[in-house]
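Both complexes shown next keep subunit A, but they swap its partner, so subunit B is in the first and subunit C is in the second.
Our next item is the complex of A and B:
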């Protein structure tokens, strides 16, 4: 009897913690999303009314659209660009460890700090405009954060900048798992370095690319801090993402039921992405 | 067909000398094997020939062309790696054709060359498989095929068979020998396996601690080892070594120094031995050169036996001196038996105290 229970006994502390802080809140959110809970009054059962309201709310669609746009632009960049960065820092050059740390620095820096720094960079009289003007690329300063057509992209750039080092490290691990002899064989076959990268390195990194795509798309759907610090969702809700929409409704409007409904939608989107990516990763792993 | 010549080629890593200056001529079309224990520098030497490892000093020539500083990719050599180094994401056919496709060969040319390699190495059944779905032997054939389609000036093999089991190894040895016979390309082959060296090589270079100990035909090296290292490295079981001195007393004798009283005493042929009374030396005799006789003063007490079918290896001692001998199987001998043996003077090798061969006194040899 005891041996059969033993594994569960070992699992129980972890299960208890995950249950309390993950599964229970998830369940609670599902229930709250079916009510009009506002933290003060007794919640009333509303059924699917919050969802109905959500799907008729242009601000929700705007936020969802922004999140998906974020995903579509940031994920491909973060899945591909760090490969080249990793290839660069994978070279045996003196002092390369310094560059590796340098690229990783944004990852370990608090997002609040980087957010404030970038806010300053993007200011009308900030560093970016100063550089562009000094180079005579522009005559008048650009309102990076105030221009509704630019602000979302400006924030995306920050996400890419901060994420680059993190994904670079993942690719670096991938690169170092590729046997050196493959490149030596290619070298003796008179294959150029560029072709080696394109036809050996990148295909060999496929499982890692799938992994990065999973992580970065989930991260993209959950973007919040950059928005909160840099634009606060503005201008004209142009940088309002799904998580920011949830935050506003939950902790500014105290419309918990409504926010929970949006949270459940976010959960579904992330869940679908995860399943999709899991299948993708499994496929590439099986090929090995 | 390309001849290779190494002139004072040397490799240093930091202050440490990995390869001491080496001079070596490899004939066009020759099959040369670098053999030696791990860490002797044989792979490094091969990689320097390929251009994968920079040369610290000296020069390497392909025919008259100095390639010392030439990039690996310009050298038109092909290498077969111990790890096969096949591209895991490509199937066999793609692996074979990849190099040609990347360097702009025409479709017909690629088809022709790949087809020829596939026929030669009998890879037809696996073309659409990926390396992960192939056995070690099949992988190695693909790796050889990939080298083949390059039509290189020189083939380099870096311990290509060491990951294979014994059966496959001997089958692949035959394939590689056949390949060399068909192509006639210069081949340089690195191994730590003396059987591969003996069976494949036109010439063998025995390396030890970054130096060539001896270079010669397999026969030459086996029959006339130039030093104790070469003598010990070639042959299974290992050659017997006995240290001692030459004594002139009622004929010329060798006395093993372990047992001056009742130990091994071997009668020498003064025509074959240059040494005079009192000279210290080491003698060596191959296990198969020791003869079993009906009666003798030398009696080997058998401690261990390895029965190999036709032959049996006997390991035992005379006094404190260990000896190995190999003979046709004799059913009645068991562990604990004492074997009467004869050590024929004409089969002895002599080495001086620094381990170098003392040549036989050929001037006194009777004309054949």
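Our next item is the complex of A and C:
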């Protein structure tokens, strides 16, 4: 065996698999997005007319709008709330690892189970309404999933619940990078814990916050399972997101070309977010 | 009276020395109260699911206000799951697919990462960038052509088709490369002088040194494959090949109103994840940290 070939032999399985199942599909997706293709008849070339049709489709704009609304609401919450969670579990007290694990539990649970679980919690005769009523926060049970003005927000809450633990761990890493002396100085001047969090921790975590914002934005654009299980896109398409739109068009309607065109739009949005991510990652690593 | 005044004198005396301890103790109690109340937000839905799964058939699960604790707890719903759907088959399929995907991903990623971290060859940086750039391509776009490719290769309704998106991930290559980069150069140089070739160095010297990273990649792949839903939903329509998420979805679709049964099935399906999680927590934390820096 030629030693000169050795590096490529090591790489060959990875290159073969990623080439066949990632690069090839990417090129194919571009071509399919420009064609009329239903997997039975031979593809017919449409060119940019496909995208013209897409951009005139109110259902597409509804789905894209829902996805962007999802992002706009979920991302700020997931960028800030886990900081407080991280500060809370960043103590050296007995049993703290146990609490960290409990907060992380939703991250490792399959989304199908998470979705079903929350669908049951949201039930009109369910436990959430019962608790809110017991606390006198609401007067009558609310139809969380059947009310078109509420359903999308109900699903967003599930995404926030699932993501908290994940971003908490990222912020835990960030907290290690803050010099202890800052807190010691604050302690000497009798500055309260809350103020320390607001005026030392959060500004010092800025690169991590940016990172979490981008990662959670990309994740928000790809939401599917929660929607599929909890609302199925309804009521009245109010919870239909971009990936749900892609799934329906590709695998229910078998309008593969049309779905791919919507997929390319998804790619463009996540690509811009990924570039942002790359720039921010570089910044974070440099600051270390 | 005299006794009382004595006591009132004694109390400040006693508490002056014990004050810091009591204060510290109360603060500790406060901290645990906060930690526990937040924990309840995260495990509450699980507990409600468990409570529902334990309720007997005579109990009305739709009554309002709901009963938080089952009247006569029973395990019969768990048994019913196996009668309602071929749950053992789903379980076997999930275990097989997870085992296959984890082995493939560990093998192919650590193979690819070794030359990228340790060897000099033409096109190294270009190949690395090419592999890493695939992390930017959303699976939700690729799944459409991937489905047509899978159908053409006869991979739909097959275990092999299921593991395709997990068999070698760019994230895995990146993670393994980072691990190999931290190993001192002298180790492999001396091995090379002793006459070991690169394959032997990879297997006998490098892999044992990156065991923690291999474990991290293994648990992440396992959790990902075990919960994978969208891809199996697309390429599997034979029930005999369903994995657990599809099975639970099927259970919910067929017995939608029987939440006792759905809850029992959902809980059974996540037990392996919980067991893996309990024993490998430290890898999750370290892995998530690496994942974060990678982005």
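Heads up, the rule we're going with is that the second predicted complex is superposed on the first by the 253 of 288 C-alpha atoms of A that agree within 3 Å, B and C clash if a C-alpha of one lies under 4 Å from a C-alpha of the other, contacts with A are read in each partner's own complex, and residues count from 1 in each chain.
Note that in this section a residue touches a chain if its C-beta (ideal position, glycine included) is under 8 Å from a C-beta of that chain, and two chains touch if they have at least 3 such contacts.
Predicted model, so just to flag it, every value in this text is computed and none were measured.
Student: Given the superposition on subunit A, are subunit B and subunit C in a clash or a fit?
Tutor: By the criteria stated at the top, subunit C and subunit B fit after superposition, with no clash.
Student: Figure out whether A:278 sits in contact with subunit B (first) or subunit C (second), or with both, or with neither.
Tutor: In the superposition, A:278 touches subunit C alone.
Student: Looking at subunit A, does subunit C or subunit B touch more of its residues?
Tutor: When the residues of subunit A touched by each partner are counted, C comes out ahead.
Student: Could you say whether A:77 touches subunit B, subunit C, both of them, or neither, answering first, second, both or neither?
Tutor: neither
Student: Which holds for A:246: it touches subunit B only (first), subunit C only (second), both, or neither?
Tutor: second
Student: Could you say whether A:200 touches subunit B, subunit C, both of them, or neither, answering first, second, both or neither?
Tutor: Only subunit B is touched by A:200; subunit C is not.
Student: Check the residue A:143 against both partner chains and state whether it touches subunit B (first), subunit C (second), both, or neither.
Tutor: neither
Student: Applying the touch criterion given at the start, work out whether A:106 contacts subunit B, subunit C, both or neither, answering first, second, both or neither.
Tutor: The answer is second: A:106 touches subunit C but not subunit B.
Student: Is A:120 in contact with subunit B, with subunit C, with both, or with neither (first, second, both, neither)?
Tutor: Only subunit C; A:120 stays clear of subunit B.
Student: So if I put the vertex at the Cα centre of subunit A, how wide is the angle out to the Cα centres of subunit B and subunit C? Nearest 10 degrees is fine.
Tutor: Here the answer is 70 degrees.
Student: One more residue to check, A:184. First (subunit B), second (subunit C), both or neither?
Tutor: first
Student: What does the superposition give for the shortest Cα distance from subunit B to subunit C, in Å?
Tutor: Value for subunit B versus subunit C, nearest C-alpha atoms: 7 Å.
Student: Residue numbers of subunit C touching subunit A in their complex, please.
Tutor: 28, 31-32, 34-36, 38-39, 41-43, 45-46, 48-49, 52, 62-66, 68, 107-109, 111-112, 114-116, 119, 121, 124, 127, 131, 134-149, 151, 164-165, 167-168, 170, 173, 197-199, 202, 223, 226-227, 229-230, 234, 244-245, 248-249, 252, 259, 262-263, 266-267, 269-270, 273-274, 277-278, 281, 284-285, 288-289, 292-295
Student: Touching subunit B in the complex: which residues of subunit A?
Tutor: Touching subunit B: residues 179, 181-182, 184-192, 195, 199-200, 203-204, 206, 287-288 of subunit A.
Student: Given the complex with subunit C, which residues does subunit A contribute to the contact?
Tutor: Those residues of subunit A that touch subunit C are 3-4, 6-8, 10-11, 13-15, 17-18, 20-26, 28-29, 32, 39, 85, 88-89, 91, 93, 95-97, 99-106, 108-113, 116-118, 120-121, 123, 125-127, 129-130, 133-134, 141, 161, 164-166, 169-170, 172-173, 208, 211, 214-215, 221-222, 224-225, 228-229, 243, 246-247, 250-251, 256, 259-260, 263-264, 266-267, 270-271, 274, 277-278, 280-281, 284-285.
Student: Residue numbers of subunit B touching subunit A in their complex, please.
Tutor: Counting only subunit B, the residues touching subunit A are 50-52, 71-79, 81, 83, 85, 87-89, 98-99, 102-103, 130, 132, 146, 150.
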